[in-house]
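Each chain carries a letter (A, B, C and D) given by its place in the written order, and its residues are counted from 1.
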């Protein structure tokens, strides 16, 4: 029908929606700020709950986008975009102007900057890392400390930057719990001699097969789960990490030495997203993610007609949900373009 | 010390490093389902003994795991082994065996320090 | 430990510290804990740095101790503090420089409260007017005296006679810094370097040649905690806090402890004696304790002041180990028979106390 | 020519006299270790009816193996041919030696090796006929032997799913046992071949062998082999399972004299342990084996582990105590009581197995607290119970199945009896679970508490809903009140006519709970009650043969998954011809079954309460008002 849609963000959501739209013959321009598409997926080694390689998902996404006539613009960001009567004019960092009948915002999320939880000493203590850093280690195929020794006791802190008023994030990032469980298992696979401790506030095993994974972690891998928010970490003379936490189920404070501390960084509205929100005048919610028009049946719609949302730019989602959300967005757009004829 | 009219108070903190968790290890080895406890407290709620005193199997579980053995020792002996806990446990933990094994473990540790 | 990381944090916690014209308010307890400190501070400010530091004779306690012991209601405290401000205003000063960490914390807290609840400020103004007929301007700049020493650490370093270096080995002294809880824990943005990795004392020590050591219980309170200490029955808890710190710092073999709070040096110093009496434990090297100093005393030492003039004989844990290490020239025999005759004062150019 | 002696008989003689001496000494020790009353029983038995009974039983069981024949013919035949056949061989051999021997009353070896010493014997007439008989017996034994050998290598042949695993001494003994009769056959055959004697078996085989072998020379080594294998077998006997051959005689006699397995290890428990022939019937009977695939803890293995002084705690604790093996054991060993003794013992130190230990093993003395640590129930309140006629004790498990509790209250209220609900607010455990864990001393504390409650109530009858409680109330409480399971109580109410009920047109299958059925021998009352209110149908596992639900408190080790497997298989059997209701009489069975089946699982009391024609309720019960409350919140 010779319509043109601009998709902002080449992550899972962006690729999915672009693929779906090009399938029905809509001309799609996909704008990605990085030099390659895939976003966070590239950083991850394996995915919960079934620990399949993230590259497999990437293959799928490439399958529906590569050579499908999608106009992909990498290393490109948006400088301006505004509505001109029935279409949008988008100016890219390259100074190029795109005219679009609809815009899909799929700017995704940023991982919480763990250094903001100063008391955990990320970037200050040698062996405090984030979930993303750990995935990097998994991909390299070796988990080692800064002095190149193998850690024996590994602690995982849940809810870093989530459900935490102190860093201004009241919401639950939803994926950290299951990521922690997944990574705990992977650590034990890599280091059969190691002991892994998860420090959680609540175990939020909502998704399909999450609870089963949790059970596996306990039963087969002997991961210990300790309920309590770690209050502070500090380095000991032998370069270990001393953490303080209340074992809320024992009702006693607990002090423990660890070799490696992994912070389950939460999800935050991406910087790119904030920028778009600014220049596009799009409404964001208290959690700073994009605010959709309706929580139940308008989760893809923005207040501006013709601008749609796809994926984690609206709220924390796992890949399954992101892909569904993106497909839903595609339907919304197609529907909108039909009516706008 | 009378000289000062006070003594240095000792904390309630669980010191994971210095605690002795061999009792826990003994049980883990023989009753793997011990690992499955999610501290829901179902056992404590239905407990026949708990009906009369502050005995809580949930608490006992965690104290064993943390190696707070002295507390466990005196609580342990209140269990009647009636088995209601095993029936209500949502995770299929063989709770009775945990108590029996814990008793055995203490017995052993007393005899020839396991 | 990744120093860059810390530096990054320190960058986030810069604070504005006035250049000159300070209105100095003394601490209630330091006068008799370590009287040499404030004296030395004034000498350094006036004679070494030639700053205008004004003290008002009518200045009273800020009631912080009473406030934190839950015996003085906050409104009363505010009114008393308002009076301090009034005195400063009358004296024509705008840069408030408390010597006490708790006062500093309290002023910060009150100013913040007034900022968020102007009506409270108004009420306090009315009360002060009614009670004393005074009026006040809020201080333009509020900095703790350790902030000021931090600001001028380089100047002091330039004039330094000694460095915090072991003159035998040439090794920098290993120094534990202990920051008063009320300095930044309540308002991290108001402390140099913030609450988690405070820089205020670290900066001085680095500048004067020492080496700061970071140990697990760095953040822990010294145990003063007002109610904990004031009530004898609670002292066991108080001393336990200090002990926790000593146990944690011991493996790092610190040469000395530097503090910026009236209470902390007192307790870190005296509790070492108490713990030794009760349990026969000592935490320093070769059977000694760990000498505890205030930052003014340390500044005085590097500037080459006489230790006994600085009042180091008031310390229960002997300071001599440090004096010997940095090579201070001092007369051990004078330690307890300090004759404050004008002649002695002349000889040691003692400022008139 | 007629020799009187040949060196090859020496091994046999050594073996024979060794075993005779050993058995005598052993029996002396056993007798000495008996408790006074048991000694008396034994003496009384010896000059009483028991002796006769024993002889009969020994003949029927030890020789003919009637029980095994009944449960499994081929296996029975195997055991019979060997035992009975050998017995006949010895018997007739001796007679033969006495009649035809050079002189009468010979040394035993003369009978055993008769052919060797009388090679010309048996050419014609009566001698030949007798020879024929001897060959027949030998053939009979050999046929059994063939079965035995094949069983070893392929147990299906004798219709068994599992066969016992052996230790090395067993293997040697077994080979020697196997060698005995073939070697006798060959020895006799060669001799016959050489002298042209022998009957249809030895004769013909000998003749044929002689055609291509030097029979004369071949015979001698086989006589040696025969003697040696006999000797070895006798010497190894005491440290192998074949000790059961002599021991079983003692067992039968002691049992008939009325001696019972106590709760402590002693002569009788040891005699039983040694009487186990490891026939393996218990293994096939065990649900842990055929439902959960646990194949190393069955009674045969327990008996063996005890005989070998192994650490048995792992085996002893991993058992449902359903008592199916007790029922099936052809030797009639009281397996569950023996297991309980081991549980009380806790973890024994593994014994260095020197030969002496094998022949005279030290008996493990049993101190409950030593093994398990003390308990402490001083938190229990002062027992106190209002006066009443009938006392109802629901039990812990029943509190987890409130419908049973409420149904009983409904029935009790309606029956008009004066009753009181002993553990309405949740009482103290009956003590059986502790006993099953081997903690009798601790259990005693709880038993004393409950006993005082019961005495204070002045009730004449105690009704309980839980078979576990019932068994312990009946057996381990020393009460002067009548103890009834609620099925018995309901039966009585029906007979007295104090409750009336409709007939429910429902197809019902009854699952007999272990503790109630095999445990306490109550099979009929439950079924009578069900007959009264519903269409009770037969199933493949009735009464003694009924299955365990798997939920048993007795198994300390079993995982919840394995429990489920057992429950699942049991339910499948019981619901084969899909009944409307799977009825049981135990809260634990109900709970276990309900978890794994769509079919409605109901306690008999529920079904009765459902069918009840309620009269105008009279005020007669202390806990009446509150019981109505409970009815309300079913």
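As a convention for this text, a residue touches a chain if its C-beta (ideal position, glycine included) is under 8 Å from a C-beta of that chain, and two chains touch if they have at least 3 such contacts.
Fair warning: this is a prediction, and the values are worked out from it, not measured in the lab.
For subunit A, the chain with the farthest CA centroid is D.
Averaging C-alpha coordinates per chain places the centre of subunit C 84 Å away from that of subunit D. Here the spacing of subunit A and subunit D, counted between their Cα centres, is 64 Å. Computed centre separation for the pair subunit A/subunit B is 40 angstrom, with centres defined by C-alpha atoms. Distance from the subunit B centre to the subunit D centre is 37 Å, each centre being the mean of its Cα atoms.
The full set of touching chain pairs reads A-B, A-C, B-C, B-D. Subunit A makes touch with subunit B in their complex at residues 203, 215, 218-219, 222, 224-225, 227, 247, 249-250, 252-257. If you check the complex, the residues on subunit B that touch subunit C are 1, 3-11. By the touch criterion stated above, subunit B contacts subunit A in their complex at residues 11-17, 28, 32-33, 35-36, 38-39, 58-59, 62-63, 65-66, 68, 91. The touching residues of subunit C, when paired with subunit A in their complex, are 1-2, 4-6, 8-9, 194-197, 214-219, 251-252. Listed in rising order, the residues of subunit B touching subunit D in the complex are 31, 33, 46, 48-49, 51-53, 55, 74, 76-84, 87-88, 92, 94, 96-97, 100, 103-104, 106-107.
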